[in-house]
Structures are given as structure tokens and as C-alpha cells.
Amino acid sequence: MASESTFPLSVRLFALIREKVGREAIALEVPAGTTVGALAGRLRAAEPAVAPYLEASRVAVNLTFARPDQVLAPGDDVALIPPVGGG
Amino acid sequence: MASESTFPLSVRLFALIREKVGREAIALEVPAGTTVGALAGRLRAAEPAVAPYLEASRVAVNLTFARPDQVLAPGDDVALIPPVGGG
Amino acid sequence: MTAHPAPLIIVDPTPIDLAAIHAFLADPAAGGEVVFTGTVRNQNEGRVVHALEFEAYPEMAVAQIAAIAAEMYARWPLRKVAMVHRLGRLPLGETVVVVGVSAGHRAEAFEACRYGIDTLKRDVPIWKREHFEGGEVWVTNHP
Amino acid sequence: MTAHPAPLIIVDPTPIDLAAIHAFLADPAAGGEVVFTGTVRNQNEGRVVHALEFEAYPEMAVAQIAAIAAEMYARWPLRKVAMVHRLGRLPLGETVVVVGVSAGHRAEAFEACRYGIDTLKRDVPIWKREHFEGGEVWVTNHP
């Protein structure tokens, strides 16, 4: 491809992950066409401290749990959801 | 047997049965050794109006549902329990 | 024999105090509490209901409920059990019966509460007279 | 599409008002109501617990609870659904979560209430930090 367009994506962190990583969100710049399933690699590269928590976590996009094949779009509200403990 | 001893037994009535029979209890005089299972015949003889309700009802003795082979004793607190509707 | 907290059992015409029942069920070792509440509904089997009237054999009703509570304690690891049934004539929406259970974990609380109300409806000598649009009738629970 | 009464959904730090939830669940056509209440317990997995602290992703928690309530309405003939979760640091005995359901008949109320709390514990983004004798730890629900 001649030129690869990218867009900024902020991934929110909560609870244990927020505490271990030491911030509220990780800012990424991702290529158009990036899927939810490809996020883990990008997060690990951007912030190694998040690596141990990726496998057990789910990804939420726009307030819903997302499937790995979902393609991310500019403006998506993305969050990393570690195992929950409510109730 | 030379002499047959008997004792008085009052059988309490409730709800539909009390209403249809028109009283709170049926007074019986029963032979010693009378079982719970034998009560129906005695009640029917003493008060024909109770007959239609005997089959669907249970007998309680001293605040517990009684088995048909239980032998009644003087002073027992006996009640006819039509199908319940609580809750 | 394990000692269990005495159950809360009431069968009388006073209005049911749900807050008092929740307070009774509270227990430092209980993480979950399930409360079933039965109320007077506006219809039954196609009839428009105006009120329900409950009559009991009160001494036996209390004894039967105590026996049911004892079974619940024997079958599940429960903290507290409350079973309350109101008597008399009750208008629409009024609370008729409450069965409440607290336990360390929710699975037991749900199962025991369900067992409590099911068994109460089958074995406790309380009768219901339905005042409906056009008449009155004694109504029994389906087995 | 059938219109259902909007569920009562609250996820915030204000104390949970059980009486208000019972009042919300009341419905002329509901004969039965099942309310699950979860409270802060004094121990967990052998640890002596002093308090629990709940954090949420609040917008998503509300959206997920709304989705669970919609599923409950779709699967069972319910009248009203209430799902309330408190946030912040809560001492022993405090009410953490309430799932309440009213329905024409009790079987559905029990099943739907159980489904509601089970699903909330699995899929709603709320996290729990346990303050115990000797430390603090994030605790997750077992699947």
C-alpha cells in the first residue's frame, strides 16, 4: 500500500490494571482497519506494564464487549475490562 | 370384647368446610383405638354435610398432619384441613 | 445439634413490615439475602379481584412454618429465616406473605427461599377467600 | 415490540433505599416479587474483611445492566425489574447490590432474579477492592 492512514485511539484502564500501569488510559496511534483482536499487541508495545493483564481481560467498544474481529473506528470509546467483581 | 371404652373427640372445621357445615367443630364419641383413617366414616355419620369435603381434606392431630394409621387418644387436638390457599 | 438463630415467624392481621424483615435477616456472615413477597393481585383466572381474605388455623400455621424453617436450616447452610403471613381482608397491592432467607452465598439463599414459599403454599393451614367482581369464592393453591 | 416498564437502574455511591425499590416493584398485576440483596460480609476466603470498595466504568455498567434487564424482559413475563449497585467504600453489613423482579407468578420472578444477579456478577464492569485484616486486594468473581 502506498500510504497507510492511522488514527488516535485511547484505551481506558480500570481497577487493578489502572493501578499497576499507573494511568487512566493508554494512547495509541493505530492503522485504519485495526481489529479488536489486534489491540493486545499494540497495547503491549506501547506500555509493557499492561502485558500481564491482557489475557484475562475483555475489550469493550462503545460500552459493549467487542468480538475480536470487530474493526475499530476513529472516535470509538475503547476500554480494557479486567475480570469483574461486582455484586 | 365385653365392653368397648369410648372417649369424646372434637374435630375442628375451617374455611369452606366450616362455612358449608355451619359450625366450628364436630363433636364425636369414638372407641379407643380409633385411627385417623377411620375418622372419615365417623364424621360422615355424625354430620352428612361434611361428606363432600372429606376426600380432598387432610387430618391434623396436635398441629401436625397425621398418617391414616395413627391411633387417636383422648385430648388430641384434631382438625380437618381442606386444601389450603395461603401465600 | 447445631444451634440456628430462631426464625422470625408471624401469622396475624398486622401489616407486614418489610424493613423490619430485612433488618432481621441482616447478619455479619451473610453475603446474600433473598426475599419473596406475595401481594394481592388485581386479577386471578380471569376474574377481576377486589380483595383477598385470609383465614388460618393459627397455632398449626405457626407450628407448620416452624417445621418448614427447621427443614430449611437442615438442608442449606443458612444464617436467618423469616416467614410472615398476614391474615384478614386485604385490598389490592397489600403484602400477603414474605419469605426471607440470608446465607453466606446466594445459591443457597435462592434455593431455600423458593423451597420455603413453595412448601408454605402446600402445607400451611391458611385459606384464601377471593372477593371478585360479581362474587366471592374460596381459592386453593394448585399442588 | 412489547413495551415494558423501564427498569430502575442505579450505579452510584448513594446508599441503597430498599423501601424505594420495593415501592418501584409494586404493580397491580404482580402477585410475586423476588429481591436479592448482597451485603458486605465479615469474611472472605479465610480473610477477616473490614470493608469493600467498589469502582465502576459507570456508563458501561449502566448500559450492561440495561441490556441484562432487556434480556430478562424478553425471556420471562415480568412486570418490573430493578438493578442497583452501590459504589465507593462500604463497611460491614452495608448493602452493595439489589436485584428485584416482580411478576404475575413466583416461578418467573425467582428465575429472572437469579439470572439477573448471576449475569450482573459476570458481565457488568464493576470491580471490588477488599480491605481485610492485614492488607488490600482486588477480588474477582469466580466464573
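Note that the chains take the letters A, B, C and D in the order they are written out, and that residue 1 is the start of every chain.
Rule of thumb we're sticking to: contacts are C-beta pairs under 8 Å (C-beta built on N, C-alpha and C of every residue); 3 or more make two chains touch, one makes a residue touch a chain.
It should be emphasised that the depicted structure is a prediction, and the values quoted were computed from it without experimental measurement.
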Intersection of contact partners for subunit B and subunit D: C
Subunit A-subunit C separation of Cα centroids, rounded to whole Å: 49
Distance from subunit D to subunit C - Cα centre to Cα centre, in angstrom: 23
Rounded Å distance between subunit A and subunit D, as computed from the means of their C-alpha atoms: 27
Centroid distance [mean C-alpha coordinates] between subunit B and subunit A, Å: 75
Junction residues of subunit A, two or more chains touched: none
Of all residues in subunit D, the ones touching two or more other chains: 38, 117
Each pair of chains that touches, named by its two labels: A-D, B-C, C-D
Contacting residues of subunit D [partner subunit A, same complex]: 38, 54-57, 59-61, 63-64, 67, 85, 96-97, 117, 120-129, 138-141
Interfacial residue positions of subunit D with respect to subunit C in the complex: 18-19, 22, 26, 28-43, 92-93, 104, 106, 109-110, 113-114, 117
Interfacial residue positions of subunit A with respect to subunit D in the complex: 12, 14-16, 19, 60, 63-65, 79, 81-87
